[in-house]
Amino acid sequence: MQTHDAKRVEITIEAVMQRRLTQALTEAGVTGYTILPVLGGSGRSGEWSRSGQVSRASGMVQVICIIRPDRLDALLEAAFAVVERHIGVVSVTDCQVMRAERF
Amino acid sequence: MDQILSLAADNLLSPIILSFALGLAASLARSDLAIPEAVAKAMSIYLLFAIGFKGGVSVSDHGVDGTLLLSLLAGVALSALLPLIGYALLRSMTGLDRLNAAAVAAHYGSISIVTFVAGTSVLDSSGLIYEGYMVAVAAAMEAPAILSALWLISRGGDRTMEADLWREILLNGSIVLLVGSFVIGWVTGPDGLSQIDSFIVAPFKGVLCLFLLDMGIVAGRGLRSGGRLIRPPMIAFGAIMPLIGATFGLGAGLVLGMSTGGTVLFMVLGASASYIAVPAAMRVALPEANPSIYLTLSLGITFPFNLTLGIPLYVAVARTVTGG
Amino acid sequence: MDQILSLAADNLLSPIILSFALGLAASLARSDLAIPEAVAKAMSIYLLFAIGFKGGVSVSDHGVDGTLLLSLLAGVALSALLPLIGYALLRSMTGLDRLNAAAVAAHYGSISIVTFVAGTSVLDSSGLIYEGYMVAVAAAMEAPAILSALWLISRGGDRTMEADLWREILLNGSIVLLVGSFVIGWVTGPDGLSQIDSFIVAPFKGVLCLFLLDMGIVAGRGLRSGGRLIRPPMIAFGAIMPLIGATFGLGAGLVLGMSTGGTVLFMVLGASASYIAVPAAMRVALPEANPSIYLTLSLGITFPFNLTLGIPLYVAVARTVTGG
Amino acid sequence: MDQILSLAADNLLSPIILSFALGLAASLARSDLAIPEAVAKAMSIYLLFAIGFKGGVSVSDHGVDGTLLLSLLAGVALSALLPLIGYALLRSMTGLDRLNAAAVAAHYGSISIVTFVAGTSVLDSSGLIYEGYMVAVAAAMEAPAILSALWLISRGGDRTMEADLWREILLNGSIVLLVGSFVIGWVTGPDGLSQIDSFIVAPFKGVLCLFLLDMGIVAGRGLRSGGRLIRPPMIAFGAIMPLIGATFGLGAGLVLGMSTGGTVLFMVLGASASYIAVPAAMRVALPEANPSIYLTLSLGITFPFNLTLGIPLYVAVARTVTGG
Amino acid sequence: MQTHDAKRVEITIEAVMQRRLTQALTEAGVTGYTILPVLGGSGRSGEWSRSGQVSRASGMVQVICIIRPDRLDALLEAAFAVVERHIGVVSVTDCQVMRAERF
Amino acid sequence: MQTHDAKRVEITIEAVMQRRLTQALTEAGVTGYTILPVLGGSGRSGEWSRSGQVSRASGMVQVICIIRPDRLDALLEAAFAVVERHIGVVSVTDCQVMRAERF
């Protein structure tokens, strides 16, 4: 099958920042994203788990965004403007997609 | 004194407090006992709906006396004022940096609805009546403290408050549900209550037990992971600050001429610290502040303090002072 | 007329409707108030189990009269027929394309169990009795509409119905639970009910309030995101189609000689539109149809229409016509 | 005999059993009916809390007689002993390999709290009293069987028990909650119960129905996917082993001089097989053992066997033997 | 550690189509897959979130499938036969696995 | 934006083993990980879904770990010591991250 190069960006971020992030992504021209729930994790700010939160305020989500390679920089800049002061991780992977016109 | 002790003893041996203790013990012992997040959220929705509704019905039943508006204003003032005191105390007592001190202080201006519920439940068993609209006062006290704390920080100059954040804070789920169900209860009155009382009245205390079981579990985890951040001066703050808040609450109750029960609830609101609305706002507005500090203090120290010793003490003081 | 208005007013100020309004307002104001998915699902399981069980007990209590089978047949016929009318209406009134018109029409042939429950609850407070087996009629009306809609599209020639889909539709969770608990209620009768009535009877209305809170939230989100798709002719359809469905339901009730309450329920079933079983089937069978259109119409327009104005109207009409 | 049959018939037609049957039928027919995981977990927390609490209240009410400690010891001994018998039986009857035989055997030494609850509910409707502390015996029987099974395997030499696993098993959520709420019930007594009985007593049986609906669904899925692993000799084991366990339970009850109801509960505990605590421990300690085998046997064969035929039989036998 | 090349295919698809997809994958010779819940997302058909569904009918899931590179085409064809008319996204990433014989 | 090479390790493992795995990772010097819930899956040991478990004992989770390439071997060894006897899958993907000093 004919495939096209794309980038898969995975942003792990606090749930309270989710709306701000997706708004920034949309403004940066991203045409789609998928949000996965996160059960728990660990990082510089320590270990946490979703069932260990009363407020569930500090839960996290993972936003996955598949884009055309030439849009990567705009996306990363938009994402960083939101993530910067907040805890979280951004990683980028090369991937292939079928219908390039969608991204 | 005897009276305080006996009330405290009764309180300590109630199923509610013991459920909290069980959750705390289980998680300190690293048991895997856990309440699913969705269920904990459902219980908190149930409790907010029930408490708001019953407050509204009580207002519709007894009518609003003129102090409702004044009480709301007093609540807002208390909520805005207490963070300033808390901040000064933290800076002088504990040496916490400005950012974390402001974040912690915000929690103590705001309120804990479960502590409020525990207070009403002690009042009910003591046969003390209270103004039904106190639940609206509780709702009004959730947010102003956040503003005070952000003002404390923005004096430093480097921050402005994001426009969007205001809507989020004022329309956060718990405030909307509490106020909304209060209005529904008010509108539908005792007739409305009679339709759903076997849902919101009869099983209420039992649900509260399971909710406190969960809070105990969460508090225990917080103490386990964040405990080493909490030095003795901060523990002291976690017990002194509620007493200061309660004193201001007592003042408000007396000035407004509230019933003994209403005065107790003002004290409870002043004394209690948020662990739901404020932490969420802090993650957005002051992300550099450490959640382990403010959550452990609020949930691990002040919440159990109020639940066990605080409430009986506030009842006794209010009774003595108001002669109720 | 007075009677309709007073019933409508009573209805509008019931905790149930106000809870829906609260949810709607909260989500239109973009509050983050939300009921976790698992909990919403649990409430719907509870409601289906309780309504099915009580229906079965009522049948075991009063016996089956000969109209049970005829009522089931009438229900199936209504469910299969209404989509054809809806389709014609949509095509002429709104200019919706064939695919979307068929998908929307399927929803109006099928039923909304919550609307049904709201109907029984108005009947209960009005002291009108109804046939317990109407809950089985409700179950029987869930699926035939889907077949009609698919037939409308397949006339175009390009589609055949996947074999597997039938099993999925007929054995979907809500039908199985409703029919299953109906049978359990029938078999165990009043004895069975007495064992679990403090679970399925007493707290029922309270759970319904929280469920409607959630439906209000979801309807509000639908209106916010799908609202711009819904032009005035479609809004008109969302209010006219239930009246047509109710008229057919009235006819069925009269022909079968149902009680006044049973006739009302036939009207409610005819008037109500699905938002659970049919959307799921449409996603599989007609994925190109736009869910925003059919969900917004069904949940955002027709559901609140029936809940607020429709049901009191149907009660008044049925009373006048049957003299009940 | 007549008495057994009539009790069995009553039992079979109770809402509880029929709910299980509904879930089983739905999932065998591949309906998508499902209870969300979080809700199933919440119901199990509710049931454990309620049963523990009521057990504790009953002890506080009637006092502890000297047999409490002896009963706990007998429970531990039963739980440790039955896996050895089960293992021998499995190896000779079914030709299961050592690892899987040990894993299955562990389940039969441990207990099923839902079977226990179903037993108490049959006792309640039969008017038979029982010792409230039997719920503590149930808790004590959860874990020893795991040790026996691991000992059976470690004789082979290649395994030692991970230190951490012990804490996990002994402090697993269900044991902690059952014991904890037992203690809370004991401490707060009838006063505590009166505060929360409309939560933990009145709706109990209804929640049990929905819980058994879920268990039926899960058992049906297990039979569908794991059914081909379960050959006739293993099915026979799934029905014989509970009878052996019940016989030992009967012996324990008689030796200790328990009430008729208490003896029945000892039989039920002996007869029932775990499907929560033990499977989790087996996944950690014996991951090579096939969960389809032990879960299908325990949940798909023995659980419904006890629920339908076993419990009425145990009641009849205990009545005959004790003359109760 | 010795690693082998493989492909990681990530298919985001409506929950109602999940069973049909995994059936098609199994028929195409796939030996394993993992299903993740999806909280929400956005694409050409708009934005949605799991808590904004009554029926939860239009919820989505993510099916992750790790396979030997030579099986990729069969998998993609099977997946596309199911996904085609439905909303959803397919992406393919290169990855390494340890025990190649499993895939 | 300046990016650095890293490895994204994805470990699908039984929930009962989660704590043991993250402990082993931490001991192997891993500085962070994210845990995702898994709804269901299929493999050599058959098909399962989270709602088909009473005990939820055999549920699975996915642990995602982003690390510097030179730490990969230590991580894989630590992971394998835990996963070996248990069911589960490990895959490694190349990725890019922004602030390399964090990993």
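Lettered A, B, C, D, E and F in written order, each chain numbered from 1.
Here, a residue touches a chain if its C-beta (ideal position, glycine included) is under 8 Å from a C-beta of that chain, and two chains touch if they have at least 3 such contacts.
Every value quoted in this text rests on a predicted model; they were computed, and no experiment measured them.
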item: Touching subunit B and also subunit F, the following chains; value: A, D
item: Minimal step count in the chain contact network, subunit B to subunit D; value: 1
item: Chain pair showing more contacts of the two, C-E and B-C; value: B-C
item: Inter-centroid spacing, subunit D versus subunit C (mean Cα positions, whole Å); value: 41
item: Chain centre separation (subunit D, subunit F; CA means) in Å; value: 35
item: Separation of mean Cα positions, subunit E and subunit B [Å, integer]; value: 45
item: Per-residue multi-chain contacts in subunit F, two or more chains; value: 36-37, 49, 93-94
item: Residue list for subunit B, restricted to those that touch at least two other chains; value: 34-39, 41-42, 198, 202-203
item: Topology of the chain contact graph, where touching chains are joined (line, ring, star, complete, other); value: other
item: Set of all touching chain pairs, with the criterion as stated earlier; value: A-B, A-E, A-F, B-C, B-D, C-D, C-E, D-F, E-F
item: In the complex with subunit A, residue positions of subunit F that touch it; value: 1, 3, 6, 8, 22, 26, 31-37, 61, 66, 93-98, 102
item: Parts of subunit B lying in touch with subunit C, wherever the complex brings them together; value: 36-39, 41-42, 45-46, 49, 53, 167-168, 171-173, 176-177, 180-181, 183-184, 187-188, 192, 195-196, 198-200, 202-203
item: Residues of subunit E touching subunit A in the complex; value: 10, 12, 36-44, 49, 60, 62, 73, 76-77, 80, 89-94
item: Residues of subunit C defined as touching subunit B within the complex; value: 13-15, 18-19, 22, 25-26, 29-39, 42, 198, 202-207, 209-210, 213
item: Interface residues, subunit B side, partner subunit A - complex; value: 34-37, 40-41, 164, 214-215, 217-218, 221-222, 225, 275-277, 279-280, 283-284, 287-288, 290-292, 295, 299
